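Data first, discussion second: the structure below is written as structure tokens.
Chain lettering (A, B, C and D) follows the sequence in which the chains are written, and residue indices restart at 1 in each chain.
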């Protein structure tokens, strides 16, 4: 009971941070200036904001998928310890940082130096996937409920198997950003969808 | 018990997102510049902000009503599954986006191209109503408690009947935005009040 | 049990809105520009921001006190109904709006037209006190637990007696804002402290 | 049960405020302007933002550590009273204020008057440590569960012993800011790590 309550608080705090980071993303979509609208019309000015929409969508979907997985692993653990709070904090540090590379990408996606923005954007996702991996390694080794059923243990093993793919795939996205910034963003969006559907156990 | 706890976390996360989206709306109301105040006085400058107040009020009331209904349908379901988390995520995506069309409408309501802003504003509400509809369809088919009482089942059927009106009415508001932007905003405000009072079962 | 859970969600949602509104207040404190710092030094520029600090402090303390009272009345009720959700929503509407009059006051407190900013600032507090009063009237009439102990009923009667003073006192602050903007802000700060200490039952 | 629920709400509210304050920190990292990028390239412009990253990191880690300790002391107490809500409110006031000195430090760390920004930055941390100390003194004297086990009481005594170091160490950081702004920021970061590891009881 007490342990449940402690985990509940880590979840509530993390939920707050995830929710705010996702909502702050919208701030980077700037209302077009009156000058721009006078020059090319409002409809055209809104269409020209597509890099902002794309960056918003990709970041939103990725953070949502991370939240779903976060939710999933917390359903398996029933305790927390001090290192866990800090591994979770490291994950939240990178999630909280996301609005900055998102705004940077939105601003510079059509700029000759878009590649630099893509490095930071995919690099932040890589950092998130590494932090998530570390969080799960720690949790799966030390925090599974001692009386976990075999079904739970199987689920944990299955998660471990799936998460093995996270860091290498985001490393690949980071690598692609050196060849094509558009390709690396598209890959990030695909990866979010992939982890959304892959983490979808048959019977559930 | 475990199921309860899982649903609780989806609710907490959604509450965070709803609350932040509603609070961020106020950021679009800009303090008038010293130049403007020098030209026409502070009182007059504040009155001239009425499109901002109207956009803030309409968006706030609509998100509040959505939250109340969200609260209501979560009181009926006792489980969640993976697709449900993503349907809920789709709803939150559009709710999170709301501060942008709200700020756009506030900025351009008195501009010759106000109609474009009204399309995006009412269109976002239409998207929200479609996402809400999809969420409820999924929940009502698969996630009602298996041991739901007849009263609960009746309530669910009643909700289904009511929600049938959501998407067509918001489609109408979107359509009206092609004829009159003021009319479409007024309709959105009326719809929020309509759903507030309609979703008010007699005995409660 | 089910009722408890429903109330819990209204609380969590309201807590989110209170917390965000309080935190957004800090955004109105603007980092001084390099031009200003070049002209008068950083220390002097920071001192010149005192209207921002005062507005931040007064708004923060007031929202904190409202939250404490909100917390207190929710400890007495065990049910909610639809009108209650909307009365609570009205309260949250005004709380959410607070960052705007706070920023306005910070910007215009030393301006010849400061009085207009003070009207809006104290007027928003008046609106909050009226909404809070309406929320409590509804709750105390219809939502006290049916099996409330005599102690609880006494506490409710005591709250009713105390809250009677809220709207008239904030009406007074609004009135004072027509004579002296500084006086009306000072009165708001005093009122927050008054309600903080007044709502402090001897035995607790 | 009732007491548990009351504490839970203070925690949820505080978690919201901590989470939002941590997330708002990222807003101070400004996307470099097109003029700057044209002059020195995007990569160089991003590197030049290092004072923003350092300020973000130091503030984030410090608030995270405060949250972990907040979490820890709430695990020991089972009741709250009115003064406790206001001591907690005082702590939240300073936490909420953090984005302002963080943005100030990021903007002026490389400016001749950086020292003034460092005074405000370290001074805010000092205020937080004093508020935290006051909160714990009040909680440890009056709010430990009456039936606390000896283990809990020992843990409380251990916390008291550890927290004794907080205010003097942050006073030292404030003092160092008069000699070297870089040194005082480094000390703040070290202190956060120190409290992270120090608050890590052997068996946990």
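Points worth noting:
In the analysis below, a residue touches a chain if its C-beta (ideal position, glycine included) is under 8 Å from a C-beta of that chain, and two chains touch if they have at least 3 such contacts.
Keep in mind that what you see is a predicted model, and the values were worked out from it rather than measured.
At the interface between chain A and chain D, under half of the residue numbers involved are used by both copies, so each side presents largely different positions.
One copy, chain C, sits rotated relative to the other, chain D; on C-alpha atoms the angle is 90 degrees to the nearest 5. Put simply, the C-alpha centre of chain A and that of chain B have 25 angstrom between them. Rounded to whole angstrom units, the spacing between the C-alpha centres of chain A and chain C is 35. Multi-chain contact residues of chain D (touching two or more other chains) are listed as 12, 16, 20, 24, 27.
Residues 4, 8, 11-12, 15-16, 18-20, 22-27, 29, 31, 34, 37, 41-43, 46, 56-57, 60-61, 64, 67-68, 71, 74-75, 196, 199-201, 204 of chain C touch chain D in their complex. Note for the complex: chain B touches chain A at residues 2, 5-6, 9-10, 12-13, 16-17, 20-21, 24, 27, 81-83, 85-86, 89, 92-93, 96-100, 103-104, 107-108, 111, 113, 116-117, 120.
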